Amino acid sequence: MIYLSRKEYFCASHRLFNEKYDDQKNMEVFGKCSNPAGHGHNYELIVTIVGEPDPETGMIMDLKKLSDIIKREIIDKVDHKNLNVDVDFLKGIIPTTENLAIVFWKILEPKITQGKLYSIKISETEKNMTEFKG
Amino acid sequence: MIYLSRKEYFCASHRLFNEKYDDQKNMEVFGKCSNPAGHGHNYELIVTIVGEPDPETGMIMDLKKLSDIIKREIIDKVDHKNLNVDVDFLKGIIPTTENLAIVFWKILEPKITQGKLYSIKISETEKNMTEFKG
Amino acid sequence: MIYLSRKEYFCASHRLFNEKYDDQKNMEVFGKCSNPAGHGHNYELIVTIVGEPDPETGMIMDLKKLSDIIKREIIDKVDHKNLNVDVDFLKGIIPTTENLAIVFWKILEPKITQGKLYSIKISETEKNMTEFKG
Amino acid sequence: MIYLSRKEYFCASHRLFNEKYDDQKNMEVFGKCSNPAGHGHNYELIVTIVGEPDPETGMIMDLKKLSDIIKREIIDKVDHKNLNVDVDFLKGIIPTTENLAIVFWKILEPKITQGKLYSIKISETEKNMTEFKG
Amino acid sequence: MIYLSRKEYFCASHRLFNEKYDDQKNMEVFGKCSNPAGHGHNYELIVTIVGEPDPETGMIMDLKKLSDIIKREIIDKVDHKNLNVDVDFLKGIIPTTENLAIVFWKILEPKITQGKLYSIKISETEKNMTEFKG
Amino acid sequence: MIYLSRKEYFCASHRLFNEKYDDQKNMEVFGKCSNPAGHGHNYELIVTIVGEPDPETGMIMDLKKLSDIIKREIIDKVDHKNLNVDVDFLKGIIPTTENLAIVFWKILEPKITQGKLYSIKISETEKNMTEFKG
């Protein structure tokens, strides 16, 4: 079994808050990430699939096709957007990287038809990374 | 003459728009950077001073002090903030990296008392960089 | 299960040697890493925890709190230090990245109370990396 | 068990094509990677071994020795070469990163005598990565 | 005056050789870069323009437009290509980074109509960089 | 005129202190960089020369030769060393990056016979950089 990964980028703003909490409670729980007018990041998204290379091509999957799927299903929806407001599939979800990884998995898993989805990694800064393996 | 640089980071959201334009005109001029609900970046800020090392210390300026000045004057005001809304010294300014560099220069220039301020570099993504030399 | 990682940095000096060996034997075994007056590195430390996000917050653990624990328990003790001389919890230990990872695990494992410690990664140069999973 | 990794680099050219296909079919399957006169990359190769540190040295394996093996067995054969033409152990193999990882594993696995080979990672651009675990 | 830079990437193969030299002389002069079947790199290209921001937009030039020019004039012609064979504007030119920088300058200089072209930087590996300022 | 740069690395330990000061004064001036038992860094050294490419080769200077000079004159003397103790040409010099850049310039300037030495850049961490232009 071989693991094949593709990295893509998106720039977005977000605010971490739970609408059941008041502003003070949100600040206690989420700190500066709960600034009411939001803040933002350059996100890195790494999608890893697992499978066996096709002997005819030496590839599990054409990385161009994998890139196209990630861009069409995820990047085009979240890049240069406000994750709290602009993205249908994030409505009602606190946009932590943990939650983003779970949502992105649900969207991408059925689209991967050569090999299988293995992992979603998201980093929101160079120091903060999340991985979800389904 | 020796050039000494310190890099710091901040995460912020912004929207590029001119309030004299309507939304359509803003979209024509600023593209996806004018998304009404904003987007965001991990910014890198590199401040360079120029001078001669003090023979007693071998340093133009203690980098810890340079870092403290940058953090106190800039980073603490813009990190985890919305650049259009939350920052006093950016009121009325379109927050392009060009404009940020000019504003940050004006703030930092009088604070550098060992050596002189030489350059402000800001990158908003790994592919986009601006430098201002006063 | 979701994996959440935080990266921190420290700068330290060390010398690889076994006090039971003489200088010649140490040079044979450890090469230039056994220079008697030491050498140093910018270390990267990545701490990964595993768990399920709290539905109230979307987080396994507040990354600010994880960062604070790593800084208080590890970074403050080893940053800008000589690993052979200055660090209580490294006394008598050859400071290879393998041994550092094991020691850091023992220190951090009981401090992680939301989720569980999953992995300690240390790189001593961009080309050399170690991972310990307990 | 501890995982110890060493990264090395090589620069090479390649063309992705199946000699059973005509040029048009190769272009359909491999896209611009099938440019007849080839193209090239700066490859990163990360070799990971797993084992227990020797209590005498604190090391699974001397990283200098691991680096020497990787350079002698792999890098010296592929660096500044055309992977389709110049490399004996790649004759008849479509030089995708998936296939490179499998071939490199077969070559390196018997050479690792302290600890065991655990993983071969190859990235051909910053966005494309492959891992093989044997 | 403000300096605005855009980074783009391309992957290409090349061989350094002077057709007036025989293979032995080429090897003496260009070393392993003269491997007859070629080798390749992931190139980074940084294009810097200089100018004053338009007060209406806060921009010297829309970075999207700068990126489009670089892609149309340079990247589309050299990416996934053999620089010795496939590129019209490199015919008869030894494809060192020095020569690439000069050629790219000549192509891009007349296309920059907001601000002026200031510098072309090319790196062929992380360790080798060239800059041309016209 | 074209600028050609080569990056090399070294790992070293150092302590910042002025032997005319007592320990308390050194701590006041140099902070944690004055830890008596030292600390260390992975240094990056970028050497830039300026000149015109030879029409026969397309190169100002063979980068392999530039790399060999830097390694022989600098890296072999400072890598895996203690900069306060082990290096002849640093005796009596406070090893700040400012002072290192000046010393390295004096050593390298007469060795560059194709083109001329233009700049020495040293970074001691990813956040701290120095440049000297002679």
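The chains carry the letters A, B, C, D, E and F, assigned in the order they are written, with residues numbered from 1 in each.
Following the convention adopted for this analysis, contacts are C-beta pairs under 8 Å (C-beta built on N, C-alpha and C of every residue); 3 or more make two chains touch, one makes a residue touch a chain.
Computed from a predicted model, the values in this text were never measured in an experiment.
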item: Those chains which touch chain E and also touch chain B; value: F
item: Most distant chain from chain C, judged by the mean position of its C-alpha atoms; value: E
item: Maximum centroid distance from chain B, chain identifier (CA atoms); value: D
item: Contact-richer chain pair (by C-beta pairs counted) among D-E and B-F; value: D-E
item: Interface sides of chain A and chain B: same vs different residues, half threshold; value: same
item: Inter-chain centre distance, chain C versus chain F - centres from mean C-alpha coordinates, in Å; value: 28
item: Whole-Å gap between the CA centroids of chain D and chain F; value: 33
item: Set of chain C residues in contact with two or more other chains; value: 126
item: Chains grouped in pairs wherever the two touch, ordered by label; value: A-B, A-C, A-D, B-E, B-F, C-D, C-F, D-E, E-F
item: Of chain C, residues touching chain D in the complex; value: 16, 18, 29-31, 93-99, 101-102, 126-133
item: Parts of chain E lying in touch with chain B, wherever the complex brings them together; value: 1-8, 46, 53, 56-60, 62-64, 67
item: In the complex, chain F residues that touch chain C; value: 9, 11-14, 32-33, 35, 37-42, 79-82, 84-86, 125-126
